[in-house]
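Each of the next two complexes has chain A plus one more chain, namely chain B in the first and chain C in the second.
Entry: the complex of A and B
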């Protein structure tokens, strides 16, 4: 195994409670035993791990001005948890938790809490976990356990901020969030990644586990807004019990390597999940989304929409798999991926996959790659809208349909102006300049 | 046969022209360079071709069997295969239809195959067969008049070496993949077609007419060259189940459509799929690819109902500007059959267009996968692709998969892909049954409707037979 992570792993092991050390040892063993995936590995066919081939130090606690980093959600007064370089920052956090919500850091957990964490940690990722999840286990120190009590109904989302502060040399952040939604609870979580300002090289390896118990509803938003030099390999692993509903939203602005795996596991009948995503790489950025919806049981429904606009020399990869297991009858699953290419050097590789082992199902997927519709542009110009402006309107409209699916008004109000200004500012995203 | 025998066979003086008259001329199982030399010598091939085969074999030795396809089968022992067997005489076959498996005859009857054709297909040694041979001879005369060359590739090596040498391996390189390399090393025989400049081939060419060369063996090699502005339609296989003892089939088909030429290649494949318990059956690992130059068009149409395991991706390399690629496919699997099939459309030229229509039907315990690639290269300005793949599921133990790869590197290229999977709707079935059709008839009618878009691309008489073939293949999968 390549040893670019050894330094960070060694220092992680030193200062952890004993039960975590076991977890770290097991993860490290698996990590050391497996080779890094290359281009011949099907799941990494289009994403090179070349940029990881350097030494990463362990992240140190740092300080960041949140407002300057553009993280503040306007009109939002819900609970906020801020982690800087993976370390909890009580000063920046607004931690007045509503009733029915509890949060504990793995390192602070008392005996009862650590028992609960151990009972749930790794449930969603499963035994046969992927390589970077093993790495995450190996460096597990600053994990967070977020629990919504059975029947809890939250009006405001919980805003979890992962931000990186600059450091002398390239460093790695290990991020782990374990969310347990009790029976019939209803909640929202915003995971907000930012940092990499000023070309600071960092590598974030993030794992989020979502456990939805019977009848629970969770809206999960994952915003990856780090700058270009920040590398990110992330995984969201959700496990849905009977009648649970998951709303999952993803937004990624590019970096040299940004890879997210989303797995939704239906383990009880009557579940529903809706996945929406937007990716907007430009420059020499690379974004890779791999999603997999595992329909293991009958009577579940899923619908998935991803859209991307790819400019300059950027590449985008989308791989959306729907796996319907034997006897998962009465499943309905849909997937849609649409891409706009705005430069002659940009590249999109998309692969919507269906794997179906049951007959009484309705599945459909679609994928398109194209540039902006000339006829639509022509129509706008005939109404007196300039070409550039028309391109902005159409591009923004293209992704705004997905942004509209965000249920949290506070988040929508944050995203829409941010993206609109990004479009107006950045000609690469709105088609070739005329 | 021992090693000693092989040595003796290899070292034997080659005396009698390239067709051997010795009936028992089957090489012992095993594969090495000497076997290839033996095959080449037996066929009286020129040195360059022997060297070509050997080079392919050396490449093959470095390769590993591909494992990425969504099929499972026990490992194949390539050393247990015999790589040369001279055409056997008709005397080995059954003496009359009374000796033929009645189940086979029943199928023939359902497909509406005339009696003498049944005899031919079952390998019966009777005079009736010669009728067909004489039909074939008449056709040959007509083709020669138009300047079309249509002959076994082993013959073309001698009669038109310059064409064979120029184009053999130009589309599917010798070391393209594991089975293509194996085929290049040991290919037995196959068709060679050359259509001269500007000629529209006067009839549909069919392997079916090449009866005297019917036993081309398991490593078939086909090369079709359509010169500038020419047009040809080629039919491969037939709807009737064929008698075949070889379990592994690794064929290679190469199409070259020069500027403005059109090639339409239709396949109906109905080899032995194994019995209802999944025992036996043919492994069909085929590499088919065509290159379309400027303004040329290549169209693949396939109806795949046979074989235990199918692994086949007829592809188009759209090299020239304005070239067109088409792929129409119906793949039906029943019982324990497995199919992993699809196409590749590689858009290189400007304004290239491709259409992919794939219909997969899985029944019983079978597994049916569509695997396709659409690649828009940076130079494929204004290129267009439309892909539609639909799967129909019959029975709760079958599986249907879709793995479409889309790679686009040109903003002006438009790629559209859509896929659906569903079962035969209860409403449709109910409606048909209400009108007095039994369940099996109703399903076959619905399936035929599902495949209509592809069938209409087939030559007429093929289309009729294909419809009946689906009916027969689906038997026992309903109710």
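Entry: the complex of A and C
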């Protein structure tokens, strides 16, 4: 294994709590034993790891003014946890926790808490964990355990902010979030990645585990808003018990390399998940979403919509796998991916991957490259709106349909104007009518 | 105001309008009636510049300017408004944002700054009241999931906000209940003025009870085959179109 992470791993090992060390060692062994996936590895076919072939130092603490960096959600006064370069930033955080929520940093966990963390850590990622999750284990120092008590009903999301702030050397951040939703609890978590503007490269390897116990409902929003210099390989791994509901939302602005794997595991009957996502690479950026819905048990439903706009020389990958196991009768699964290419050099590789072993199931899927609707454009123009402005409106509308699925009003009110203004100033996001 | 001479137009090489003549003067209200498929909507689309429609001969001017050579948006900025028979649904674009963009485009054309959001919001809500549409419709996608009648009210709302010089209403009365019909009539009547003209495409004399036209035309097979005053509408209501076609043939 190439040792571009060596320095960061040594330093993480030195600073981590003792109860995590065997965990780290196991991760490191696995990481050292396996080669980096290359283009011949099926699931890395379209995403080159070339940009990782350099040495990454461990991140140093940094400082960022949230409001100035556009990270603040307007009119939001819920709990907020801020990490800068992986380090907890108490001054920027607002930890007035409503009843039924507890948040513990791994580094601060007492004996009881560390036992609880160890009992749940890795449950969602499973035994046969992917390479970058092993790397994450190996570097695990600054993880967060977020727990919603059984029956807790939260009106506000918990806002978890991960910022990469520029530093003198290329640096890496291994960040881990473990969310446990107790029985019949109902909560929302916004994971908000930001920063990465200019300067040295950063490499974030972020793993999020979502454990939903029976009847729990979780809205999980993962915003990959870091830009340009921020490489990111991320994984969201969800495990749903009986009658649990997951609403999973993803948004990615591009950088040189962004790869997110989402796995939803139905482990109890009556589960439901809705997955919505938007990706907007431009320039020479690359965004890759791999999603996998594991229907292991009967009577679960999943519905997934991803839309992307790919401009300039950018590339996007969407691989949506639906795996319906032999026992998963009465499964209903839908998957839809639509893409708008705004330049002739832009590229998207989209592939629905269905593996169905049960016979009594309903499964619908579609993946297309779309164009703006000429009749819709004409309608706008017939009201005096210029062609250019009409195309901006329709391009934004194309992804706004997905943004509208965001249930948190605070988040919607943050995302819509932020994205609309991007569309207004960046022609790479604007398509043309057929 | 509007002058159409010997207009020939069609889609994909098939002729739909076959030498149509029509003159509408400022302050007038014209009604166009005629059998299904005779070319009434085509006339509206050709005037608005819908893609796919080709003009093969003739001319059309609005306020002295050659409509047929202008971009669609410039026709609108000049003062043309077409209320679509089948308004287009645009999910993802909020109605409010759309209406404001339309109003701002016209203001920009007149050299005025964009209307501020609060003032516009107020104006839009007032207009909702006039057309009897819940303000919640402002937040929805443009026409998205609107019922037939709601779409027509939304067209009317746009007309009121945009204050066109010439409004063509293509079956804005179709599919409306009797109350909604009166809403349309009130909207149009309130806007009638010396500086504005209306062309109403309709199948029903009923609308003309509420909006009294100065002229009524019959469009058949791509031409105006008969023009008269409002009594022509009554005659059509009583006798249908069969007699006309015989007469024309």
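In the analysis below, the second predicted complex is superposed on the first by the 418 of 434 C-alpha atoms of A that agree within 3 Å, B and C clash if a C-alpha of one lies under 4 Å from a C-alpha of the other, contacts with A are read in each partner's own complex, and residues count from 1 in each chain.
Throughout what follows, contacts are C-beta pairs under 8 Å (C-beta built on N, C-alpha and C of every residue); 3 or more make two chains touch, one makes a residue touch a chain.
Computed from a prediction, not measured in an experiment: that's the story for all the values here.
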Problem set entry | Partner chain in contact with A:375 - chain B first, chain C second, else both or neither | second
Exercise. Now for A:39: first (chain B), second (chain C), both, or neither, which partner does it touch?
Worked result: neither
Exercise. With both structures placed on chain A, which of the two partners, chain B or chain C, ends up touching more residues of chain A?
Worked result: B
For this session: Using the superposition on chain A described above, determine whether A:404 touches chain B (first), chain C (second), both, or neither.
Result: second
For this session: Identify the partner contact of A:25: answer first if only chain B is touched, second if only chain C is, both if each is, neither if none is.
Result: neither
For this session: Quick one: classify A:153 as touching chain B (first), chain C (second), both or neither.
Result: neither
Exercise. Counting only touches as set out at the top, which of chain B and chain C does A:360 meet: first, second, both, neither?
Worked result: first
Seminar exercise, completed: chain A residues where the chain B and chain C footprints coincide none
Problem set entry | chain A residues touching chain C - in the complex, by the definition given at the top | 373-376, 378-387, 389, 393-394, 396-401, 404
For this session: Could you pull out which chain C residues touch chain A in their complex?
Result: 48-51, 71-73, 75-77, 81-82, 84, 87-88, 90-93, 97-98, 101-102, 105-106, 109, 141-142, 158, 162
Seminar exercise, completed: Within the complex, chain A is touched by chain B residues 68, 376, 378, 391, 393-423
Problem set entry | Residues of chain A defined as touching chain B within the complex | 42, 326-327, 329, 339, 341-371, 432
